[in-house]
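Structure record follows, encoded as structure tokens.
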Amino acid sequence: QAALPPAMMKSKTIRYCSAINLPPMEFMSPQTKPEGVDIDLGDALAKSLGLNAVYINMPFAGLIPALLADHCDAIISQLFIKKSRLQVIDEIPYMFSHEAVLLKPGAPKVPDLEALSGKKVATVTGTTATVLLDKANVALKAAGKTPIDIVAFPENTQALQQLQFGQVAAYGVAYETARYYVHKVPGQFAMGGPPYFKIATGIGLRKNETALNQALSASLATMMKNGTYATIFKKWDLGIDMLKPAGG
Amino acid sequence: MADVLVQAERVEKFFGPNKILDGVSFTVTRGETVVLIGSSGSGKTTLLRCINHLEKIEAGRITVNGFLIGYRDRRGVLIEDRERNIARQRRDVGMVFQRFNLFANLSALDNIILAPMRVRGENRAVATERAMRLLARVGLAEKARNFPASLSGGQQQRVAIARALAMEPAVMLFDEPTSALDPEMVGEVLAVMRGLAQDGMTMMIVTHEMGFARQVADRIIVMDQGRIVEDGPPERLFNAPTHPKTRTLLAVRH
Amino acid sequence: MADVLVQAERVEKFFGPNKILDGVSFTVTRGETVVLIGSSGSGKTTLLRCINHLEKIEAGRITVNGFLIGYRDRRGVLIEDRERNIARQRRDVGMVFQRFNLFANLSALDNIILAPMRVRGENRAVATERAMRLLARVGLAEKARNFPASLSGGQQQRVAIARALAMEPAVMLFDEPTSALDPEMVGEVLAVMRGLAQDGMTMMIVTHEMGFARQVADRIIVMDQGRIVEDGPPERLFNAPTHPKTRTLLAVRH
Amino acid sequence: MHFDWPYFWHQLLEPDGAFIQGLWLTILISVGGQVIGLVIGLPMALARRSASVFLMWPARFYIFLMRGTPLLVQIVFIYTGLAAAGILRFHDFIAGPFTISGNVQAGILALGLNEGAYMAEIFRAGIDAVDRGQTEAAKSLGMVPGQILRFVVLPQALRIILLPIGNQFNIMLKNSTLVSVIGVSEMLLVTETINSATFRTFELYSVLALYFLVLTSIWGGVMRYVEWRMDRGAARGDTAVIGTLQGEHI
Amino acid sequence: MHFDWPYFWHQLLEPDGAFIQGLWLTILISVGGQVIGLVIGLPMALARRSASVFLMWPARFYIFLMRGTPLLVQIVFIYTGLAAAGILRFHDFIAGPFTISGNVQAGILALGLNEGAYMAEIFRAGIDAVDRGQTEAAKSLGMVPGQILRFVVLPQALRIILLPIGNQFNIMLKNSTLVSVIGVSEMLLVTETINSATFRTFELYSVLALYFLVLTSIWGGVMRYVEWRMDRGAARGDTAVIGTLQGEHI
């Protein structure tokens, strides 16, 4: 087993920063216990390293600042692997994610983001949906069309509820979360179209945390081999997001 | 009877459990100057305020110019009148307070024209014209633009008198108009009041200035513990008081 | 010279551009009672406060018991002393204020024992024992547990005198100790002061009570516009004043 | 510690367009909230002082509610809670070239309702501070309550409460950051957004703090000027009671 | 409108364990912040009144900074900004069975630093309100400044400022909700979390508002009792100046 950073060896604890607000990736049970794909993975990784896992809940936009501020040892919060992020942190890929647009049932489907021209669309501050919508706006402006009115909320529930109440027309969010709500609250939400923007997703680490990086990578590899990884994704019905199909 | 301007009949007034006015009756006829005296707490201020319905009364009735003040008589039962009607009745009664109470946010002139314009609906020119005449009468024509804070106490009180006169009241009530003044200003205010008396204004005056009272009063009313204990012309009261209270009051301050 | 307790030499004091004390010199010898008189604004209060270094002085020097007050003499140049040393010097000088200034948060007894315990490090028993004796002396033994707010003005001033005495000062300064009192309370405070004078306490008293001054003063100092204009025994000043100021001051209030 | 000075100066002196927009939104929201607070505050103060229980108790309850619960909770409650219950949903308000989006409306409304309670207490104290003799003199001249309020009491009360209201607006400027939780892109949310892309947290928040210091200092200067003008006015004698009520905030 | 009464009553009367924990955390944070505020406030007030510019100007600057910027910004700045710059990092504090996590510490610290500035102004006003004659009498007895402060001025100032401090704590209770943005699970964040699973927004926020009304009302009752005791004390004559300073908040 690889050596862990001394502080972690001493405390026997790994601290994950997470925006525990994005089911099914991470969310609070009615008893306010964290659960979800990332939580199961985080727990399994911790266990394989002989550590306890604790989750520090905070707004999504605060995750990387908090990691950099050493408020936690890693981010496990469906953090997409993007060039801009890799400039400040390292990421260990562990799954794919997709983006989606969530609508009210009955609303016309959206083939692409440009179709949201002139609409009010909710997002969560700091998420990739915001970036994609911004990009779409650049294209819309170039084409002389009305831009999308992006309203960024600090957390998912706020954004989602505004769609539910009709205070926004659409919600740009990870496909996994969108799908969860379509099933969880039937009749309230509808997918705007098939998932788009497939992107690798990783565990965020501070740069130069080589020891931790290696230990987590090794544990992940082991879990992929022994089926733990696949079990988790099956449990949450997210087979399409698996990095490598089990045994493959 | 046409000449009775103010009439109080068995007026009773309580503050909490304390009977402050205890069956007070008197009349003031047109053109009369009546001075009210009595030791502190005897109810002089309260009585004046009742005539204006600044205080409610619990029993009895007060009329000014024949109209019941503050109440409507519904088949013998008095019920309190509406604010708007009371306001209308108050126009007939001018009041001058111990502490002047000029409107601090208005100039002397504006203090005087506010009520004529807003209450009687006069236009500014008419109201201003009368106000300037009244200011001249109290000797303050050149202070029309001054704010109260820049006037002496005596000047403020004279403006206050002009303000009350501007509504052309039937009767003027004065509650110790000179007792908040420095001694050197008392004279100027009394002079104005003396002029009013000579011009035939009906007045009720609470004062401790016995010399002045003797000079201008047609009648002096003596109060003690909420009752009128003596009521008569100054000569009789000064020379042959019947009630011991009158004797002490006039003796001490004579 | 051993008997000179307070000595002021050519003291000058400014407030802003105004010269409040203008070359004041005098001495007070042990056991003397000196009364300071002068019209309002002549600098009496300021002079007393300088003796205590509650005010800085701009020129001259003041010594108490031979020690320079508020300053250190470094080769002829006076530099202001440290707070701690000034505090030490103040123990020798008791002061009684016009407005009593009893500590509002402490009982009469605690007012008296606070400084002995905290400044002189006495234990509570010793301090309390002396305090009770002093309270008895000013006639207030039974008020030891009362707070200032529940004492009359005269009682408060007597406690204030006891408080100052508890530090066993060499000299007591009184700044109009009776002028904030109702007339009926003046007597009880003057009686206490008279007792102190008889017991040989050295005292400087600012007062307008000329009868009292004549009775207890060994010397009277007359101030006018920041200067001492006359200084002598009361008999001479009352009977043959040389300065016109003395004449008006003693004549008016005699 | 590493502090990226060039980035700091750049953000401070040539901020992004989004940040400038955030600044305007901060000002818009604060002013809007204050105006609503003033508009609500006066009638509430009058109702609170009224002899009628049907006016007095609702006003009391409103003030109790607004002062007894956190502003942050009020903001979320008004934007999300009311919509969830189907009571009130906020839709974009379009006036010519300007659009005020729903969450901005909700934010202004929440700040305004909250402020209204504090304004009511300030107005009430101001009215109570006007000498009763003024009212009695006006009554004795035959004026009715509405006239007395308008021509005598309010003009004097306003002078008394000008400074407390000014202090409240300073608090309002700072409280406007709270509407970031409902996605209003005022300065704080813009800063968070920029930070989530650049991760220069310390530098960005320093700039944000400086902008707020400038805003509140400018307002402080305005207030000192007003105070000075009023003092001068008082010295000239064109006013009476000033400066009683200087405290009483959130 | 649909209001789920059974759910409302259930949450109100038998709230989740997490909510009760949030309530305790709200109280812990508020009390902690208030204690820090008091501890900072007094020396800052003394420094602010000091004749030494080396004490006076830093205190002035601190007060200016804390009162000129939004609390929300201060909270994020202290938790994330300081750590990002490598100045101060918050680690879990473990004392036996209790753990105070880093964000709770940061929240308490931020609330306390902010409160300290307001406390400093209250202490300053309170000390200034004690009659100068008291200090002069103490000086004339040979007491040094430290003794005068401790035995004479502070005991009297404390009576004056008890109520303003009480008002501040009421504000503190409400402001404690702001630390939810750094992930402290006080009542608001717990409510948001429960809401994200149940979507009974209106009911949940109503319960939250009621809990705050109860908290602030209880505290209001405590203050009225203290006020009554002090008035009675004043009537009995064991105190002098009370009730001068009643306003002056955030």
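Order of writing sets the chain letters: A, B, C, D and E. Residues in each chain are counted from 1.
We take it that a contact is a pair of C-beta atoms (placed from the backbone, for glycine too) under 8 Å apart; a residue touches a chain by one contact, two chains touch by 3 or more.
Since the model is a prediction, treat every value here as computed from it, not as a measurement.
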Chain D and chain B - chains in contact with each: none
Common touching chains of chain C and chain A: E
Chain whose average C-alpha position is farthest from chain E's own: B
Averaged-CA centre spacing for the pair chain E and chain D, given as whole angstrom: 22
Separation of chain C from chain E, taking each centre as the mean of its C-alpha atoms, in whole Å: 46
Computed distance of Cα centres, chain D from chain C, in Å: 55
Euclidean distance of C-alpha centroids - chain A vs chain E, Å: 37
Residues of chain A engaged with two or more neighbouring chains: 59, 62, 65, 68-69, 154, 161, 164
Residues within chain E bordering two or more other chains: 76, 80, 82, 84, 181, 192, 199, 201
Junction residues of chain B - those touching two or more other chains: none
All chain pairs that touch each other: A-D, A-E, B-D, C-E, D-E
Residues on chain A engaged by chain E in the complex (per definition of touch): 20-21, 23, 27-32, 56-59, 62, 65-66, 68-71, 154-157, 161, 164, 185
Sites on chain D touched by chain E in the complex: 1-3, 64-65, 67-74, 76-77, 80-82, 84-87, 164, 171, 173-178, 180-181, 188, 192, 199-202, 205-206, 208-209, 212-213, 216-217, 245-250
Residues of chain D touching chain B in the complex: 131, 133-134, 136-145, 147, 151-152, 155-156, 159, 234, 236-241
Residues on chain A engaged by chain D in the complex (per definition of touch): 59-62, 64-65, 68-69, 84, 88, 120, 122, 125-126, 130, 149, 151-154, 158-159, 161-162, 164-167
Complex interface listing, chain B residues touching chain D: 52, 54, 83-84, 87-88, 90-91, 93-95, 97, 99, 101-105, 114-115, 118-119, 146-150, 160, 163-164, 167
